[in-house]
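The following pair of complexes shares a single chain, chain A, combined with chain B in the former and chain C in the latter.
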Partner chain A sequence: MRELPEARVTLAPVEAKAPGLRARRLLAGVLGRLYRDRWGLFFAAPALVLFSLFILYPLAQGLLLSFFEAGLSQDRRFVGLANFARLMGDSAFLQAVRNTGALVLGVAPLSTLLGLAISLVVFPLSQRAQGFFRLAFYLPGVASGVVLSLVWLWIYQPTYGLLNHLLGLAGGPRIAWLGSSEWALPSLGLVVLTWILGQPVLLMLAGLGTISPELMEAAHLDGAGPAARLWRITLPLLRPTLLFVLVTQTIAVMQTVVVVIVMTRGGPANATQTFVYRIYETAFDFYQFGYASAMGTVLFLFAAAITLVQFRLLGRELEG
Partner chain B sequence: MAQPAPVLNPDRAVALPGGPPQRRLDFGKLGHFVAVGLLTLAAVASLLPLYWMITGSLKLQQNAMSVPPELWPSSPTLENYRKLFFGSKPALRWFLNSLCVAGGIAAGAVATSSMAGYALARKEFPGRKLFFVLIIATMILPREVALVPLAMLMRQFQWFDTYQGLIVPFLCYPFGIFLIRQFARGLPQELLDAAQVDGAGELQVFSRVVLPILKPAVGAVAIFAFVGGWNEYLWQLIIVNREDMLTLPVGVSKLVSSLTTFDLGVAMAGATFAFLPMLVIFLAFQGYFVKGVTLGAVKG
Partner chain C sequence: MRWRGLTGVLLLLMGSVLAGCGASGKSGAGGGAGGGRTRIVYWVTPEIKDVEGLEEQTREYGDYEKIQAAEYMKLHPEVEIEVQPLAAEELTKKVTASIAAGSPPDLLKDFLGRTAGYAHQGLLEDFLPVLPKEELEDYDPFYRKLYTVDGQLHGLPIYAWTIAVFVNRAIWEAEGKADLLPPEGKGDWTYDQFLTAMRAVAKPDRVWPWWAQFASEQADYCNYGFFWGKGAFVFPPGDYSRTTINSPKGVEALEFLVRMEREKLIPPGTTTLANSELQNMVGQGQTAAWGDSLYAFQWVDTARKQDRLKVPVKLQVLQFPHEPGLKSPMPVGPTAFVVFKQKDEQKRKAVMEFARWLNTPERQRIYCRNARQFPTRKSTGDPLADDANFKLVKQWMDENGMVDLGLTAPAYYQVRVAAMPHLQAAMLGTKKPADALRDIEAEANAILQRN
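Up next, the complex of A and B:
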């Protein structure tokens, strides 16, 4: 009890001095840390600066701009959630979201499954044959989207295009692939599929290579047939790869835009509008920057949600 | 789950006596042939558009539009290439532009990625964890999200129709940083310490010890960045309006957008020319592609 006032006495002067002292200590600490980390900072600096300026800042700016009405002139007007409200009633945008969803649901699982099927058949073949098939499926992917789109534009041409000719040989009908609203979107989907199929094939071939042959042989000796080995060994071990492929393919298909720009410009009758093409048109043909940013924000949310869900799955995969 | 009964596995009885361990998922001989047949068909279908493009570039307009299509050009000619390069459009300039842009992006991305990847893997700096998380996030999230503000930033910088505008926004390459970081984590610390004991400064350790070991990863980053820069279409379309600043893919696609004068052969020649460097790079560095794609998939 007697010591309490004493303690108060000794405490008081320190507290009075504290602000200056603490600030100085803090500054010394920060400087010391910066000095200690100077080489880390030095090596990271170029990327950090470029990242902040050209990736992070535009991203933040885009989120902010979604709440403004902004055009070519410098002045912008805060409109709250009006851009988002307008999106809900924008039939071309909603059509674009539906189309993009259809593309994602149609193409991403298909490319993942096809990649799996192809790699399962290719894997046991000789090195040389593996090399050929890897080349065959990956090569369209190194061509740019424009290059492929230009060729497919010609292949899809109804009167002198290659596809209708080949179909005709098999007795099929002539189809206006890009000109009819029912065929246009699947036609683009096929181009996107051939464009992105290389990654799943490459990854799953590599994944199959990591499964030990001894394991397979042991299962074989234990009487597991091909189907049982596929279901019980190959697929479970490939699951992380499969999920990774599905995530990246989903995000890739979500960004479908080049084929639209070159081949259909969103037509006929909005049948091939896609998410990113809407952003592109809204911003760079109509100069509605705020509205386009709102679309970008929605795309961001979609992509983030999908990624998070898939990462949860991946995470569980890693724990289990 | 029930063990499959041995009787249901006819291949067991066949395969067991002394046969070499089989890697294939034997669906039986017939199944195997059917599968490989289908696979070959799919591979042909996958390569067909590229074949069609290259042979198409050798066809004159009337041959290109003939019904039925000429599966092999009846009178192959280089006329389309002459028209492309010596016609009214500066296609050669577009080609050089693309080369500069892709080369600039590759060089810059290699520098920033190897430095930052090394720093993330082996050095301490404030915000390191946050930076890594952001790199991963932007690697996955579509870049188109920030398209509009980035274009507005370019307008402020007055970088429309300039090489800076085409190159600089791509110099920070999240995938490259990630790739190098994955690789640099495996560097033996004794090696770095030994170099430092020998009197090498931080810069020398980086350039003489770290970079040479990281060469495969650095190569993969260079190739991916180059291919990415060459094939980056949307951005180049947005920020270039002047004809002499166009890149090859954008220029060629603009040839076609005037549909009334759409010359198929010339378009295919342009497409072929835009594709050729990618083909050469892919054939020369196939190993790097495989390595890059697989390493990028490793969860860190």
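Up next, the complex of A and C:
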């Protein structure tokens, strides 16, 4: 036992004398590993290169730019945290944060629940019927956002639109769906919901397909009713899918912008101003690229924080 | 060996990706002049289509400019021109994004309210050194002055619009109320006369006579038109360091618009209605009057030919209302060819040469006739001399004078955008008109000070 300190004493000079050796070993290890994984790297390389060029590099540039005052010209002035401080007093930005929060809280859980409900109804159907519903719900997701928004514009149009026409037939009042502060955000939320609903349906149908029918049969034999099977078997086994859907839906709703550009331009009176639209407007209408980047950084932090919280809450048992 | 081959493939792949990016960047910037042909990227705002005599070939915006480019390339085989028409809704953001990315177009045809901002940032070429004296002096001094920023002529003015009130007289005639409108050939009326005429044709849930445009800054002149007749303006003449919109007369003007909304003289949802929706409403007889440029005649004609007018439409042009004893001044909005800064001297010459070729008096005549706008060169003459409405509006411009819109203020466009949410809030009733104007003043002055 007494020898241990001596051993340490003798080892330390050896380490200090051979840092080059250690570095060489490390390098050889890394190169060896790279060589071993060469085919994996080869196939991943195009995606990695594109991801680095078009995601990582702009992300780093955006983070950097948020500490500068930058306009249309290439001149930049370092302003430290001033852009972030200014955000706190920017009423339009705060309104955008509130609106985005309302959209996320209203649409993301609803699309997840609706996606679950629809997939539970569709799953027992024949493969053909399942295929039809998969396509039907996923179609808006792959259609052009602009085209969808234009269709919804016609539906919501206050004087000759479909919705008010139907309401009128039922004796209802004429509503300015997008032109009133009370209705504009919920109306926009509905458009976003129809747009993103396809992904949860598709993923949950796939998730349901991975649950062993034997488990269900055993539970049935043990006397478990449909509700108990849903609660005790389906939902726990769908938890990874639910987590993934909730995270991706939250991020998708946080990034709502196309419908805003086409349908309301953030109006009326900022009632549909969203986080990303505010960034877009700040950069391309007000030419404040540094300030817009600061907003983008805050959005990034928000999205990361929400994702972490969701992982913590829903992913706890997955880790175990 | 296999490892080396793999590395080679990877490098090749990365090289091709980078080369792709390089090529696209070069394209955005219009390419260089070295070696082959000089490539010019030319972006145009949507103002000219259905050109007289070329209706079949110019059905869409940008078609006419493509014909011109082909003609120029025939004359100058060493030049290659790529024409890109811009959509009205996204043109500002697209140009801004291209500037921010370092690849703006070489040549842009756009409105002074936007190009002056680019000039203030030092992004545009100066035309003064390349224009011969007689050519320079052929441009109306009024427009030359407007386009001079920091002693540089930042664009070649092409034409200019003015905004007036357009009414579908057929609606008043059908109601037997045409006498409430100023007689044809006369244009001025007071706020009370205007209100009486609008009330006369309003029908609950069917006709909202005044087509107000509060959805975006693009049509804000049609709202500010109600301010000018009371002597309230966004900027004091020649002083763009502050806004004067928040004045007792300004508040009165906004209250007037809000009152029309409360009386349902303005369509529901006016704060987000798009221009195309409002054009449909005109075609369906749901609305009867609006602010517009003389291009209104053109789009109404096109709608008629395409059978999109479901009710008779008989356009009459009028002035915005004014207070007794005051006149309603006319706004003027010129468009110009501007050239973004070029690094290559040969290419700079080529782009400026092309811009001058595009803006000869003969070509200006064609633009003016088809965009229904006023020429900027003396030798262009009077392209719409046969048009009684054109003459009438010109007469009002001379008699009533022109509004100083502040188009050359460095932050003109940003002030316009910033004002919209507050004007919308007033129309929705979530802000009192006085509060809305106070907030516009605070925000606009902050923007003006920053710039």
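Quick note on the criterion: the second predicted complex is superposed on the first by the 257 of 320 C-alpha atoms of A that agree within 3 Å, B and C clash if a C-alpha of one lies under 4 Å from a C-alpha of the other, contacts with A are read in each partner's own complex, and residues count from 1 in each chain.
The definition used in the following text is that a contact is a pair of C-beta atoms (placed from the backbone, for glycine too) under 8 Å apart; a residue touches a chain by one contact, two chains touch by 3 or more.
This one's a predicted model, so the numbers in the text were calculated from it and none came from an experiment.
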Sticking to the clash and touch definitions up top, decide whether chain B and chain C on chain A clash or fit. clash
With the two structures laid over each other on chain A, which partner does A:L313 touch: chain B (first), chain C (second), both, or neither? neither
Answer with first, second, both or neither: which of chain B and chain C does A:F123 touch in the superposed model? first
Return the chain, chain B or chain C, that is in touch with more residues of chain A. B
Considering only the touch criterion stated at the top, classify A:T159 as touching first (chain B), second (chain C), both, or neither. both
In the overlay, answer first, second, both or neither for which of chain B and chain C A:F284 touches. both
Partner chain in contact with A:L203 - chain B first, chain C second, else both or neither: first
Pick one for A:T241: touches chain B only (first), chain C only (second), both, or neither. first
After the superposition on A, what does A:L230 contact: first (chain B), second (chain C), both or neither? first
With both complexes superposed on chain A, which partner does A:V151 reach: first (chain B), second (chain C), both or neither? first
Does chain B (first) or chain C (second) touch A:S180, or do both, or does neither? second
Can you check which stretch of chain B gets into chain C in the overlay, out of 148-156, 220-228, 274-282 or 292-300? 148-156
Indicate the residue numbers of chain A shared between its chain B interface and its chain C interface, in ascending order. 42, 46, 50, 53, 153, 159-160, 261, 280, 283-284, 289
Over in the complex, which chain B residues touch chain A? Could you list them? 3-4, 6, 8-9, 11-12, 15-16, 21-27, 35-36, 38-39, 42-50, 52-53, 56, 64-69, 111-113, 115-116, 118-120, 123-126, 128, 131, 134-135, 137-138, 140-153, 168-169, 171-172, 174, 177, 202, 206, 227, 230-231, 233-234, 237-238, 249-250, 252-253, 256, 264, 267-268, 270-271, 274-275, 278-279, 281-282, 286, 289-290, 293-294, 297, 299
Where on chain A is chain B touching in the complex? 33-34, 36-37, 39-44, 46-48, 50-51, 53-59, 61-62, 65, 114, 118, 120-125, 131-140, 142-155, 159-162, 165, 168, 194, 197, 199, 202-203, 206, 213, 216-217, 220-221, 223-226, 228-230, 234, 240-241, 244-245, 247-248, 251, 254-255, 257-258, 261-262, 276, 279-280, 283-284, 289, 292-293, 296-297, 299-300, 303-304, 307, 314, 318
Residues on chain C engaged by chain A in the complex (per definition of touch): 3, 6, 9-10, 13-14, 17, 21, 89-90, 92-93, 96-97, 99-100, 102, 117-118, 121-123, 205, 208, 214-216, 267-274, 277, 280-281, 284, 286, 413-414, 417-418, 420-422, 424-425, 427-428, 430-431, 447
Which residues, counting only chain A, touch chain C once they are in their complex? 35, 38, 42, 45-46, 49-50, 53, 71-74, 92, 153, 157-160, 174-181, 184, 261, 263-270, 280-281, 283-287, 289
